[in-house]
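Next, two complexes with chain A in common: one pairs it with chain B, the other with chain C.
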Partner chain A sequence: MKQFLLKMWSHCVRLTTRWPSIASIVPFIPVVAAWWIVTELQIFPRAFLPGPAEVVRSFGALVYMGILPAYLQDSIVRLAVGAFWGVALGIPLGILVGLNQRARTALWPLLLFFQAIGDIAWLPILVIWFGYGLTTITVVIVYTVIFPVVLNTVLGVRSIPITLHRAAQSLGASRIRMLWEVVLPGALPNIVTGLRNGLGYGWRALIATEIIVGTSGIGFLMFDARRSGSVVEILLGMIILGILWYIVDSWILAPIERATGQRWGLVTR
Partner chain B sequence: MGAGDAMKDLTIRNLSKTYFDPYAGTNVTAVHDVSLKVEQGEFVCIVGPSGCGKTTILNMIAGFIPHTGGEILVGGRPVKGPGPDRGVVFQSFALFPWRTVLENVAFGPKMRGIRKVEREKIAHEYLALAKLTEAAGRYPAELSGGMQQRVGVVRALANEPDVLLMDEPFASVDAQTRMTLQEELTRIWQEKRSTVIFITHDVPEAVFLANRVVALSKGRVLEEIAVDLPRPRSWDALNDDARFKELSGRVLQLVRSA
Partner chain C sequence: MMLRRLSSAFWFGAPFMVLLILWAVFIPYFEVNPRLFPHLSSVIQAGIEGIQDGTLIQHIGASLLRVAVGTVLALLIAIPLGIAMGVSPMISSFLTPLFRFFSVLAGIAWIPIATLWFGYGFGAITFVIFNAVFFIVTYNTLLGVSTIPLQVRNAAASLGAGRWAMLTEVLLPGALPNIVTGIRTGLGFAWRGLIAAEMIATNVGLGYMLFVARDFYRTEVIVLGMIVIGVLWLLLDRLVLAPIERATIERWGMVQRA
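Let's turn to the complex of A and B:
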């Protein structure tokens, strides 16, 4: 038995060094296997816990009908639009608060106060103001993304050593150029962290918002499936959420981190 | 340097710095009535123990902190804040981690609006001066401390400042590397004839590098000692040199007795 396990392990190591992307799939194999075994043993009724095969079949059917691609696109576009505005407003605000003592005194308490009123806590009043539509969803996403981005940007700006400011000044950099040459790159590793947190929270807020006010999207798909009692589609929705986040993180955020903070030796690998 | 060039000298008259210590609730005088004249092309070391006010003096010359009394003139113009006429080399190197070695050295010329091709040519020249050509494309974090500080020195020089201010630049590298860096600095200085103010607590270092050593204690100038050792200087030659030992001994006695 021990021999067999060791052999499997060495196979595994050899395979993942040759194709690194496989390494990220390997941890899911026992999870899916356990799921499959539990459903095959019929511990729970099939209608409550369908197996992997049924979920894959449901995936095929929803893709074939065009529902899943359309919903997926809706969700991703909403997150992208919300994230764009969250970042476009959050980074300048964070730099202002980080650099300016007066702005910090004035805005910091407000930031902490409004951060505490969680994204979804705004939904009741937003629905009254903007109705069940894209505006409400966008506001919630922007609101969710902006706080981690602002707070981390402030942290990043304030963590830049004063000697770097001084070095740039005595090499002739003007205040405006300092922003681009010192403040922004110096804060970038923290900004990426803020973005990662913001997108994570935003993604969750999006699903919650779609469940409540949506007429399309992955969150809506899952809630609609509950109405018709389709556990398969609910499970499918959950799996898609996980996969999508994995893709965003490993294809977009991680490469940015590798190219900036890690390359510059500002964050440990 | 032609006769038409502006003088690249430094004049400090009755400089003082007093600040309020909120913890003690009193005014503290860190620098007391310091006067100093550094001629163009001179290498002056200010030496003294920790807390004697030497870094405060340098920060005031650099314009990083305001002075509370007296005046500082660089090339005849009073200092008001940091500026490219005074290049600074920091103890912590202060290289931009997101810029390659080449881009770090080209930073000053870039701020002056010099075109990319031109400023990279300048940067390459200075990198060659410090034997850093190989490292041009690397990031500071990939270099040893000694190499990082070489970059720090040529980055300041590449901007052709009137005065070069060095704040214990070799204090955070190992002893062997420090000796090499000291020798290289004297070589580069002889080539460029920059006006240099060098802050250190290391007496032999001060005597090795300087034309003139200013001994400082408790915010006051104790004495100025001219160093007439021949150049080029090397540690191999000076280690057993009687004159070097005599000068070092005198400065050390001054600094310790105060």
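Let's turn to the complex of A and C:
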């Protein structure tokens, strides 16, 4: 037994050193195996915890019917639109608050407070204002993404050493060039961190909104399945959400963060 | 000194005063339908009524109790588990993707299945909070322990530190900044998860208060609830999380990230 395990382990190590990307998949094999064994032994009733095979089958069925691709597309488009507006509004606001003392006195406490209210608490009143629809969902996501972006941009702008400002100024940089060549690059690592946090929250807000408001999307798929008591589809939804966010976070956001942080070498918080 | 603190408090409060005055003046002036946005006076009245008949206190109490129970349970399990797994570099590098995956899922995504497993009520909501905090704190503890330089551990071991001394004087302090960061992120997700779960799965709590008020177009109760949620989170942040962060991260001077 021990020999067998050791052999497996050595295979695993060899494989992961050759293709490092496999390393993040290997740990899931025992988990899925354990899940499969638990369901096969019928420790919990099938209706409570279906096995991996059923989830895969329902994945096939939903893809075949075209529901899953359509819902997935809806969710991703909503998140992308929300993130775009969150960034487009958040960065200018953050730079304004970071650079201007008066704007900071006026807006900083408000920003802290409205950030504390949290996205989901806005849902009931947004539903009254905009009804059950796309506007409500978009507003919630923009609201969620914008605060981490603004707060981190302010932090980034404020952390640029004053000597850099002075150097650029005494070399005769105009205000626009200051913005473009000193402030923005200096704040960029923080902005990206903010975007990453914001998307992390926005992602969850999207799911919650789709559950409560939704007419389509992965969150809606899960809650619809919950209403009809189909655990298979709930589990499927969770797995898809996890994989999707894992991909977005570790293949898109983390590399951007690393690239900006390393290039400008300003990872100090 | 006293004067400076007073003036900074004033400048912190001033924008809110301006906002409240604008609210009190403009909403009646433009005759906004109270079904769309409430008057300031009716929100204040709803607050007073809620305190007098005890419903507001009851909702707040229920929400806070759920957060406290879920968080404490999660921390009691997550920190020892994270440290135990982080001690061996092999195990920690093996398990990191797993916990990363689950901390990505943590919180709201569990609501549908939690309500199915535990039914609507205390169990489901506490479960959602528990796993929002649990996975993120475990992941961060794991990360924290595995970033402690091996020389530090070797130095402690060669100076004759026993297992207990190693734990309390090397591993725990070394991982503490990460643990605190984890708690903060986890609580942020848990708080949102709480509100969302209460909207869906219960009959008492702040989220429920908001969502029921929506059915009757009682915007003054909704706005009151939003203000209460904001204030509670600010208090939690300032009075609980920030002091812990100051005490740990600044004390051990590990604000730089690896």
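Following the convention adopted for this analysis, the second predicted complex is superposed on the first by the 255 of 269 C-alpha atoms of A that agree within 3 Å, B and C clash if a C-alpha of one lies under 4 Å from a C-alpha of the other, contacts with A are read in each partner's own complex, and residues count from 1 in each chain.
Note that in this section a contact is a pair of C-beta atoms (placed from the backbone, for glycine too) under 8 Å apart; a residue touches a chain by one contact, two chains touch by 3 or more.
Computed from a predicted structure; not experimentally measured.
Novice: Superpose on chain A as described above, then tell me if chain B and chain C fit or clash.
Specialist: Result for chain B and chain C: fit.
Novice: Looking at the overlay, what does A:222 touch: chain B (first), chain C (second), both, or neither?
Specialist: Second partner only, chain C.
Novice: By the touch definition at the top of the document, which applies to A:185: first (chain B), second (chain C), both, or neither?
Specialist: The answer is first: A:185 touches chain B but not chain C.
Novice: Anyone got the angle at chain A's C-alpha centre between chain B and chain C, nearest 10 degrees?
Specialist: Computed angle, apex chain A: 90 degrees.
Novice: Going by the contact rule set out at the top, does A:119 touch chain B (first), chain C (second), both, or neither?
Specialist: Touch partner of A:119: chain C, not chain B.
Novice: For A:169, is the partner it touches chain B (first), chain C (second), both, or none of the two (neither)?
Specialist: Only chain B; A:169 stays clear of chain C.
Novice: May I ask you to name which of chain B and chain C touches more residues of chain A?
Specialist: C
Novice: Could you look at A:260 and tell me whether it touches chain B, chain C, both or neither (first, second, both, neither)?
Specialist: A:260: touches chain B, not chain C.
Novice: Output check: A:128 vs chain B and chain C. Expected answer is one of first, second, both, neither. What do you get?
Specialist: It touches chain C, and chain B stays clear.
Novice: Return first, second, both or neither, reflecting whether A:106 touches chain B, chain C, both chains, or no partner chain.
Specialist: A:106: touches chain C, not chain B.
Novice: In Å, how small is the closest CA gap from chain B to chain C once the two complexes are overlaid?
Specialist: 9
Novice: State which residues of chain A lie in both footprints, the one left by chain B and the one left by chain C.
Specialist: none
Novice: Any idea which chain C residues touch chain A in the complex?
Specialist: So the residues of chain C in touch with chain A come to 11-16, 18-19, 35-36, 93-98, 100-102, 104-105, 107-113, 115-117, 188-189, 191-193, 195-196, 199-200, 206-207, 210-211, 213-214, 217, 219, 222-223, 225-227, 229-231, 233-234, 237, 255-257.
Novice: Residues of chain B touching chain A in their complex?
Specialist: Spelled out, the residues of chain B in touch with chain A are 62-64, 81-84, 86-88, 90, 92, 94-98, 107-108, 111-112, 139-142, 155-156, 159.
Novice: Touching residues of chain A toward chain C in the complex: what are they?
Specialist: Those in contact with chain C are residues 23-28, 31, 48, 105-107, 109-110, 112-114, 116-125, 127-129, 201, 204-205, 207-208, 211-212, 222-223, 225-226, 229, 231, 234-235, 237-238, 241-242, 245-246, 249-250, 267-269.
Novice: Which residues of chain A touch chain B in their complex?
Specialist: That would be residues 161, 163-164, 166-174, 177, 181-182, 185-186, 188, 260, 263-266 of chain A.
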